[in-house]
């Protein structure tokens, strides 16, 4: 008997340990994922720059200091001048050291302060990807040597890369940023929210509070449950054939992306909404009906306010899912190079996850860390949303 | 089993039901009940669990409309007007025939808002001052004013069970109903709170027609002047409370009152 | 009249309608209440306000919606009638482009003209736009007044304004819920038509039961026979989504749920549960990237190390493993729900017999919760087989019928993406095959979900 | 901003290009250069849809809602041209912007393969010379001079234009080493095609998806494997990869651009002439291409191989004169 | 309100509680109860709702351990051994002190498996034949054998309420406990099923020490020989059942028994 008890306790401990192990393993996987992304991605937020001394009066710039316009700057032969200056300062391999678009930094400096045209100034310009990677100890031996040389000369600085947050897609990894995709995500989410929230809440209210028991309400219910589980890529096919091919709405636009994602998010909101509405105790409805409130008043005065935290939680979760969604957007033309941030919902746009997908496919190795950095931005965004949902849930969790 | 019973003839009934049958889907819960309710007396419905007391009570202000499967036959009148006629506005009917439920169910709002809600949606008071008057009056009538007057803006759900139930009665009173229906209003309460509610019913009597469902025969005896005994969907006996308890005419009533079943 | 101004004006009219109708109702009702019975007054004054405001706004807004669609045509006609339009090129597109540019400049959307011809049309455009704008605005305002006046005459104490307004609210709610059906119909329609065309080129039986998927055949013009046997895709989908992913997700999800609900301290549960839920919140493109660049190479190295030949770096295992991790929270939350739904009395009953916690869980709770757990797993499977980005990025394209988890397989969703974004002649069976695959996917997940929901529901009823 | 409804007056102030994923990096580079040279213009939108998908969108019609440019890693097909014509896209300008090298590569520590089109064909064909399924397991089975290493080739998927090039430039050449095949071509084009270009599907050839970075990674992890991809990827990854000589010719910028290295194919863009006058900047975008496609131009820095001088000259002429493509030249 | 009471002195108690206090978080549900339970008598716990009957009952086999917030003070012994001592094995304790709950809770398994579950986990029977014997014996003792012997492999949940409750008693018996605790075992049953259970308790008496919680005083009178009256967490009075009902020493007991409250 004693032995038997001991055995049973041992099995109890094993079982409990298996549970703990499962939790720990799942948690560890998450930690590993986040850690890997952080490890790769944090580097993406920094950029290596090389200080370049330019003697403007002596340079063969075709620029009239009195007439600094965009067009004038574009025709001022800046790329060539930059190349020359760089070769003088850094040696023959300067082209390898500087980003091919380094001259843009000089252009912007001139634009910001045309007065510098009259003197010699030192401007920090982005280093090439090879140098950038080498400065972060990821590069080839030759590049590392070059970095060493530049460091010794005190020309090299590695600092936070603000332009990663303010620039848009591009071809040079040292110059790209996520602002365009971020804005695209924002616009898309706005459309999604504006469409799916009212419709979702209205549907949830109708089904939970008013719908008669009839065949067609059953159909609505089945469709909604089903839509919540339809693979997202199918929504992409829907967007492709209905919104693009049939309705001829503008391709690649945040509008279409938002509409497609709204169809996907709406059932999530309906289901969360129905659960929230269901958890409002019937006694509240009875109470209101019992003193002569009409069914619409009952819902809008009592049920909806009480269910709102739950509905909001569901909405945030649905929106978070939509924010991370990629597959359907590939089908509707958002897999595109869009370097001008969208100004409105009908402008061509891309979104963060698609940008990640695009960058993961880029040739240049500098994009690896940019991809991870973009992932960090996306994850931070999502964590914030999920955190808000959890906060709401905990704050308003009511036991009746 | 169903013997015809002779409901008390009441000269000028406030509400009157004639041959009312209620079905839940195919199941019949009320099998042809006729009864009159008047202003001057408190009417108690008693009977074993599941006999249809609540069901019948809820037909009186059409709360059964909210149950999709429920269907009502027969006529029920309020001041002679058929409450199931299409021209009857249910919302207004419920304002005239108020209801208090078994479990106190205050809105999760302040005490003040609980009372003010009804007058507001019925347009009985517009200015803040008017509302204040209505709230105070209703809480006074519900015997709650002294206990809550300093914390009108606390949540109604923070009150004790008995206070909550009185709040619900006050809320019903606030829309100036003519009839108040109470479905086992004390069953969730402790003895002291129960006593307070019973006292309150005494005070309200005469001003409103009151119908109370209870499974506690002592309570029926204490608060009511008329008692109706239901069994399996039938109104078995209806009469002056004293008579029913001391001298029931029906065998089933007697069995129930002496505790043979239930 | 510009859009915003008209909008403000209408909003103002609506507000005036609301205020005046409400005031009138209030006055009439006060009188009625003093004289008449209480039901002489039906609705709150506010409802009368809404009723009249709706009558004021709805017709005008509806009219404007229609007007917005016909006015541009009228404007263009007017501009074309202008002498300046004579010099426009005849070809349709440049013409409409120039017109469009002129309009953009006229409305201020664009500053300078790209096409010199456009500049000349700006003035006519401006004139026409303002002419038709004013006309539309006047008509809208007249309509608003007419509607408002009609409704205003109906304000009476016993008029059931609340019923009317509420009926509109109900109609709105109903229409919103019908949108779900419209979406479903949209999906089915968009898949069915293209699939139909595909099946007119490829025998459905060959498609469903063929064991050779060789898209190169169709892609490169080797003919359609033998090219569209989708069984390897179905197998790949099942292998990754329903087998490997589930082998990861079911034990981890189930045991996590058990540990967190039955053993963990409330604090641990409070923090761990949302933490694990984050696994489902990570975007799939991130998982895909992670699977392709971190997990897959590691697995391949591992396979080579233990001497497995033909290990591919696009192994089914890499995609399945990562997908399994993604699915853990689905399984665990469904398991959590179903275990929680087993009445406490079962647990008490077992503990009171002297069973240990793990005996209670294994012998009573899990068997009792099994239908719910199964339902949850089915839902997770349906989610896994519809998952796209992970497999697009980490699974291969080789349509192998293999049991080797280190080999490369392909899935339905991967192929859909490939087929629609590859170098295909349009209208080839190949592009259309994407829709046929989509249809199959839709039908399968639909069935899985129906079954799963049935199971879960039935089981819930058993305890209610 | 894409505005306009009701038929008349649609316009667009952003250039739209669709099509090949191979041309995509060069088109994006051109787009960037275009914006740098034309400040104030919005950046063109380049969508990567694959050549065929791009053609479908391109040929759907003329107007603001249709793209202006189709990028292609192969020439437009006759059927596509006809479809364009049916939809009113009549005047199409064809510009060859450069050349893409099809590179064969192995890991830095690889076994130093030396390949010929014939070896590649015999190793990869599904049905070499129509003599039944390919049974070769190792390179040695194909050619005794090769090492006895299992055949394993990572290459472009059948959905890509790059795969077309592999078939056309390498496989067919290898196939034609057998004179019987040349005859077959005359007799039965379809059978010839199947015999000469169909690739085995038993796992020796691995369809490697669109993500060429992955191929690079895989080669690093698997030194015995051969990778086939765009030359630009080889250039970018010289630190971890080395090229495999074909017919003894090393893949370098020169050999690819002169066509000595066998894997070279032209890259095109197709432009709607009707859009040139209507879409602001379209001509400028073409000019940006033309200005940067020379051997020392920015596009070649991105990995594109410049076309031979005469082709470049002709293309520049086309861009200037906007010469329209004659459909009868197409296959 | 708390007057000290003198629990019945029992010479050789099976279980014995001394100054037991139970807290749920900060709230005290049992305020120092001392009581002895013996083998020969059925002990009934009565008292108004919420007075702590169930709480106290569950401390006797440490089922309160499953409530995270519950905390027990004082000593409880089984055959003189402290059941809250660290050396006491809860699993074995519960096998010795069985429990039957208010709502019948058979496992969703076959009747056979329901009974066999306990013996199996405790290793009381290994071979199928042994188990069969145990199952039959337990079902016979629970008075259920004749009704179910032909359908031992039907689900236990398919039985009627009364049968389910007897199944649960049989399940408890099958592990050969020394004490059986029953928490309102009949409150979910109809009168006929109730009568059967009461009969069963009579038969089990003497073989097991039985403690039964009931809110039905008639039932307490019918089945028990000792009655303990609880009120607000206190044990107000404990004595021979007949005395308690006819001659209560405490005012509160009297009020409760005569129906003043509850």
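Order as written gives the chain letters A, B, C, D and E; numbering starts at 1 within each chain.
One rule holds in what follows: a contact is a pair of C-beta atoms (placed from the backbone, for glycine too) under 8 Å apart; a residue touches a chain by one contact, two chains touch by 3 or more.
Small disclaimer: the values here were computed from a predicted structure and weren't measured.
Q: When you check each chain against chain B and chain D, which touch both of them?
A: Joint contacts, listed by label: A, C.
Q: How big is the rotation relating chain B to chain E when the fit is done on Cα atoms? Please round to the nearest 5 degrees.
A: Answer in degrees: 170, to the nearest 5.
Q: Using CA atoms only, can you tell me which chain is the most central one in this structure?
A: That would be chain C.
Q: Looking at every pair of chains, which has the largest contact count?
A: Result: the chain pair A-C has the most contacts.
Q: Indicate the whole-number Å distance between the mean C-alpha point of chain A and the mean C-alpha point of chain E.
A: About 61 Å, centre to centre.
Q: Taking each chain's centre as the mean of its CA atoms, how far is chain B from chain E in angstrom?
A: Result: the chain centres lie 40 Å from each other.
Q: State, to the nearest whole Å, the distance from the C-alpha centre of chain D to the C-alpha centre of chain E.
A: Chain centroid spacing, chain D to chain E, equals 83 Å.
Q: What whole-number Å value describes the gap between the mean CA coordinates of chain A and chain C?
A: Centres of chain A and chain C (C-alpha means) sit 19 Å apart.
Q: So which bits of chain A are touching at least two other chains?
A: 8, 294, 335, 360, 368
Q: Return the residues of chain C touching two or more other chains; collapse runs of consecutive numbers into ranges.
A: Those would be 162, 292-293, 356, 359, 392-393, 420-421.
Q: Please set out, as single numbers or ranges, the residues of chain D touching at least two other chains.
A: Counting only residues that touch two or more other chains, chain D contributes 1, 3, 48-49, 210-211.
Q: Would you mind writing out the residues of chain D in touch with chain A in their complex?
A: Residues in contact with chain A: 1-3, 14, 16, 24-25, 27-29, 31-32, 35-40, 42-43, 45-49, 57, 65, 210-213, 232-233, 236-237, 239, 298, 301-303.
Q: Which chain E residues qualify as touching chain A in the complex?
A: 89, 91-92, 121-123
Q: Help me check something: in the complex, which residues belonging to chain A touch chain E?
A: 1, 4-5, 8
Q: Please give the residue numbers of chain C that touch chain B in the complex, ascending.
A: 26, 29, 38-39, 41-42, 44-45, 160, 162
Q: Using the touch rule from the top, collect the residues of chain E that touch chain C in their complex.
A: Touch list, chain E to chain C: 61, 63, 66, 68, 91-95, 98-99, 101, 103, 105-109, 117-118, 121-122, 168, 171-172, 175.
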